[in-house]
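Below you'll find a set of structures to go through.
You will see two complexes here that share subunit A, one where it goes with subunit B and one where it goes with subunit C.
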Partner chain A sequence: MSGNTDKQSHAILDNLTLYYGPKRKFVAICAGTGCRAYGSLKVKDALEAELKKQNMADVDVLATGCLGFCEKGPMMIIHPDKYFYQSVKESDIPEIVEKTIGRGEAISRLLYRHPETKKTLFREEDLPFYKKQLRAVFGKNGMIDPSRIEDYFAIDGYQALAKVLAEMTPEQVISEVKKAGLRGRGGGGFPAAVKWEGVRKAAGEPKYVIANGDEGDPGAYMDRSLMEGNPHSVIEGMIIGAYAVGSNHGYIYVRNEYPLAVENLSKAIEAARANGLLGKNILGTDFSFDIQINKGAGAFVCGESSALFASIEGRAGEPRAKYVHAVDKGLYDKPTVLNNVETWANVPLIINKGADWFASIGTEGSKGTKIFSLVGKINNTGLVEVPMGTTLYEIIYDMGGGITGGRKFKAVQTGGPSGGCIPESLLDLPVDFDRLYEVGSMMGSGGMIVMDDTSCMVDVARYFLEFLKEESCGKCVPCREGVRRMSEILEDICAGRGREGDIELLETMSAAIADGSLCALGGSAPNPVLSTIRHFREEYEAHIRDHRCPAGVCKALISYNIDAEKCTGCGVCVKVCATKAITGELKKVHTIDNEKCTRCGACIQSCKFDAIYVK
Partner chain B sequence: MVNMIIDGKNVTARKDTMLLEAIRGAGISVPTLCAHESVSRSGACRLCVVEIKKGNRTRIVTSCLYGVEEGLIVNTKSERVLNVRRLVMELLLARCPESDVLQKMAEDMGIEAQTRYAVDTDKGKCILCRSCVRVCEEVVGVSAIGLFSRGSYKEVGTPYHEPSDACIGCGACVYVCPTGHIEMTSTGETRKIWGRTFKMQACTKCGKYFAPVDQLKFISKKTGTSIDELAVCTECR
Partner chain C sequence: MTKPISIAAKTRQIVKKHGNAKGAVIAVLQDLQEAFNYLPKEALKTAAKAMDVPMSRIYEAATFYTAFSLEPRGKHVVKICKGTACHVRGAAILQDRFETTLGIKPGGTTKDGLFSLETVNCVGACALGPVVVINTEYHGQVTISKVDKIIKKINKEEGAQ
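Take a look at the complex of A and B:
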């Protein structure tokens, strides 16, 4: 397929002018979904208008994808000095243009201040949030306006493809990816090269290559941010994969709730076609491949491979038994490689920097980096990319900045609804595929939900089982009926109707559901329950035996009370209580009628004297 | 032919057949609810699970969908297997408390209802095995009924629960339904099913009502046989 066309394909890429020099002035402003919600597009418009007004229209403004530090949006990075400005408002723009862009001066109030040392930090790489990260895949977002393919070229985009087509046989590509030790980033952690090899050798034509962008875990948005922010990296990875397995047809399955991802991917595919990188005779070789976007309707189960195939085929998203693997019979019963978005985005990196470089990062069984979304009760909400093997502590405290309000860490939920909760005693756990599995959780797609001492672990398990109950496709009995019954029992426990023997019943059901379910959704559905029982059994027991919710969350098991020592009788709580549950004379200690109280928490919020407590 | 060990017995089975057939062929009984002989397999009920051992690895598979393999060691009654079957039966008993078929089956398996589950009152006897949907699509070829909604809200029926023009009133769905959930009532002259009343054809020879007119029209269109010829019942033909 290749060999004699190497010069040709390199020449085509060389003709694409490199866009940015090291001294070039430009502003990267985050236009990811999070920052857009903060109003970053208005800030961008204001910036462009102001640049024109101050005669600096030659300064380029890049509306980039997610820059990761979502807590501090809208954010911008001003090159070449690389000043990192956070929480930028439209009103800041004239000053930014005049001082920073015009004269290279930093504006102190927009810079990040270290929460402990109180030192002002100038550049992205100085921030504790970014410092320990290794943003090999995700870091490129800051250099690219995803609607411009030239930006991707400027950071060596499609060079990996050119190299592959010019210098490597499909077998060599597979062996390089194998040597790198790339494992699937979507959940299971299956070695990518093994899949590729299987499809390459499988009988049957045509062969399909698919990117799974059906990210559905609550709180997870790394794939979204990759598709939005660097769509070409996913596309380039897929083209390389297609060349390796011998496929001419690819799909990107992306949920329709990700409109910006759909838009940016569509633009990127068109641009790639226009530049001879997709379609017939890619880069002048005899290799042809094209990609089609398939929009999913948002069912969680459609992230499961066989349900995803059914959905692309136009049928209801239901899984089927996979005793014959997708590698042999996948989409339309043809050999199919299905990899997650982040997995594909790693492929160009492996080709460009080499398998040895990739394999030098990470742990024995898990190579490279992984992007995690840090959400929940954490100071620095956002996306972090770290080498595999980074400890939970480093992620949550060094990068995440610890728990909001200085509260006590309780658990971190990893791996989405199919994952589990990890307690404080395991904070030193190096995060990789195998270690997470050992403690009863999983990598999943990389969601991390941080919980503090105000989270009830039974309630957390109840929440996830409720989610899974709603998202079960309903095909097989253990998942459809079993998850529903588990969810009902958990609801009972949280409502004070738990019975002796419920914990054991949940454990028995979990084992049978895991064994008996048709697909991985049901197979892993008991994980949130099993992991919380394993690490927080006493909380279950407190709910069932003592009718007590130690975290003060489950409304049926708590009461609101007033501390007579602290109450000044100011009467503020009386005014905010919607159900008139609080009574008392002015300047005398008030009382709460727990029959009327709905435990909404408004009184606690309103009390300046911390006189109201939950028991 | 392939050789396997099933519950300690040496069993040979024809290549490209399913484990379920091999197990039953060896005289070992395996409960099933969704594996009807006239339709494709779906693996929905999970009752036919067995434990297989290949090398050092054991796993639970549905025998109705797992192809026979040389050297496979199969356990049809391991603890894990029985736990799955017990769970499935308990869940189905709670879903369809009225079903005598399920009660009898549970009794034969020595399984009692799990009293911790709240009993459903709105599901009838439908266990969502989808045999009806499959027979309507694969055998009859009209797809008048299908599945809609997701998870525990999933239901079988005609689109929007409205009488379906596609239905020919053949009653194949009733025939394959393992629990007797689907209602079909007949007055002789008419038959009522899925909310639609069908006119029945009287045999032009013996006068007995024997099939819905719509069904005969459908067969005529499909096979090219004239309606007159089809209007004679099978006994008089």
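Take a look at the complex of A and C:
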């Protein structure tokens, strides 16, 4: 390639060193969707105003993407000391500016306290939530304001692209990614380099490169946080991929529900164009590539490759038979590489740090790290990035801090509606693509929904089948009708109308649906049912035979009762009850009429004395 | 004040913005929905003509994707997240409360046109679960009493009973 590239990349580097010194004072405030809901933008405005007031306007304030520890938002990290402040309020700002930014003193009440040792912890890396993580991809969010490309330059952004264009042939890029062992982070875990190689060799022009940002698995939001927080890493990965396969056209397909991701990606694409990183003759070479954003419109099936292509083409998102491979005939029937957002974000890392480094992390079959969203009944909700092969126990207990309210762990659901529930006996399972598959679940995009003993496994299966019933595109009869029938059977079991033989019927139907569906939605639709039958069969039997919901969830099988010893007769429950099912005189024990009661839960939530219990 | 513009004229403007491209059906529908808060029949007909795409294709897309609505939606759109994380944290209880208080089911709009109720598969703010999004504002860790407060507040602001 031309010497131009070198010059450009050096110019970028020089710029950056000026921009970032090791002692630079700056504040990173999380402005991800979660922290915004906690009011982080107001905190940011207050901080900027206060800095001006105290004559410290030169301190840079970065509104970053998600920092991961969503439980403790809004959070901020104050550099260069890297103090980690949690649940920051506007009223804390004057003190933070004066003491911490001005004099380098930490404010004790804003620091994290270890829940067991009660020790105050100063820095992010000291917190148990972060300590065991390896945040190779996601950790950079804290150094970047996604609206400023300079921030990405400062952490060696686009250096991988410069290296690829100046020093590597497309074949070398593919072989490096192959050596790294990068597998797709979107669900299936297909080797990325195999797709790339297929498209490179495929006949047909133009070729397309697509990032799948249609993060549809409920309970997963790592792709959202990458698109929002570090959009350039996705873009850089795509440009490198495009160079490797010989494509000039790229698309990022983003879920309709992610407006901030669209906004930040759009800004990032503009900035990349302005800096000669997208468009014609990238970095002065003869390679040209540009990216367009397409918004989804609320259809889970569009995360499936062929449905996604149909959607970009402006049609209903119906998948087609898989014997035609996307690498040969994808978008507009042209050779197409489709990788998930997190997969693309890993690419610059592989080029910068080398395939050997990447392959040294993880297990034999699954290399690198994976970001998981740790949600549900867990103390430390948030996003964690760990080496493949980290055990479920480490993720849930060491990082996640265990179950909310000290309750008993029951299961962790992975892989979204295509995945399954994993019981306590398998908590030592090292998490990677293959091991999750072996226990009847799958990686999916990385959602981990933790459930305790108040979660009913039959209800969870019912929930997923209802989800899939709504989302089945309707093309394949076994999926359209079969999933609907399975959903009805589960509905019946939860309503106390279960019959002997239902479990076996569900199993038989599962096999037929998996066999008779074109795409992964139908093919894996039975998984939530099969995995819960496999690991929690006795719960199904309790519903069917004893008309009992052991977790106290299924409304038809439970009753609400008042504990006479705890009830003070305060009358709060009477006021919130929408069906007037609770009666009683003030200051006397109340009673619930279970005929009128709809088990809506309003009274339980409102009772301050824990006097209402489920039987 | 800008002059009010007809549905057809606004639609043609939007189609033009997308270069009259046939592949832009979904993007056009998204912009139409944003402009009118739903997809008026007239807009769909105009779009089909302007883009030279059969009405059946437009209608297929408009009914396939859940983000589109063929009926006018309420001034305030309540979206209840039904993601797994929200489900295990009691999203169904909140849905019950909205349904009984507003007297509508998901997909419905109150008679006064103030509220529409919708469910979303996952809004990707799982740490805040259960989540309810009102228009574009996210509400986290919602309880039944928060639901009551939200409805009351909007009703009060709108001067409704």
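Note that the second predicted complex is superposed on the first by the 550 of 615 C-alpha atoms of A that agree within 3 Å, B and C clash if a C-alpha of one lies under 4 Å from a C-alpha of the other, contacts with A are read in each partner's own complex, and residues count from 1 in each chain.
By our rule, a residue touches a chain if its C-beta (ideal position, glycine included) is under 8 Å from a C-beta of that chain, and two chains touch if they have at least 3 such contacts.
This one's a predicted model, so the numbers in the text were calculated from it and none came from an experiment.
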item: Contacts of A:L518 with subunit B and subunit C, given as first, second, both or neither; value: first
item: Which superposed partner A:V477 touches (first subunit B, second subunit C, both, neither); value: first
item: Touching partner for A:K179 - first (subunit B), second (subunit C), both, neither; value: neither
item: Subunit B versus subunit C as contact partner of A:K82, first or second or both or neither; value: neither
item: Which superposed partner A:A299 touches (first subunit B, second subunit C, both, neither); value: both
item: First (subunit B), second (subunit C), both or neither touched by A:R497; value: neither
item: Most subunit A residues touched (candidates subunit B, subunit C); value: C
item: Subunit B and subunit C contact sites that coincide on subunit A, given as residue numbers; value: 299, 316, 471, 473
item: Residue ranges of subunit A touching subunit B (in the complex, touch as defined); value: 299, 301, 316, 320-321, 323, 469-478, 480-482, 484-485, 488-489, 499, 501-502, 505, 508-509, 511-513, 515-518
item: Interfacial residue positions of subunit B with respect to subunit A in the complex; value: 42-46, 49, 60-62, 65-67, 80, 83-84, 86-88, 91-92, 94-95, 116-118, 127-128, 130, 147, 149-154
item: Subunit A partner contacts - residues on subunit C that touch it in the complex; value: 22-27, 29-30, 53, 57, 60-61, 64-68, 82-85, 87-90, 93, 96-97, 100-101, 120-129, 131, 136, 138-140, 143-145, 148
item: Contacting residues of subunit A [partner subunit C, same complex]; value: 33-34, 36-38, 70-71, 73, 215-221, 224, 255-259, 294-300, 311-317, 373, 375-377, 381-382, 413, 416, 447, 449, 451, 455, 460, 463-464, 467, 471, 473, 576, 578, 598, 600-602, 605-606
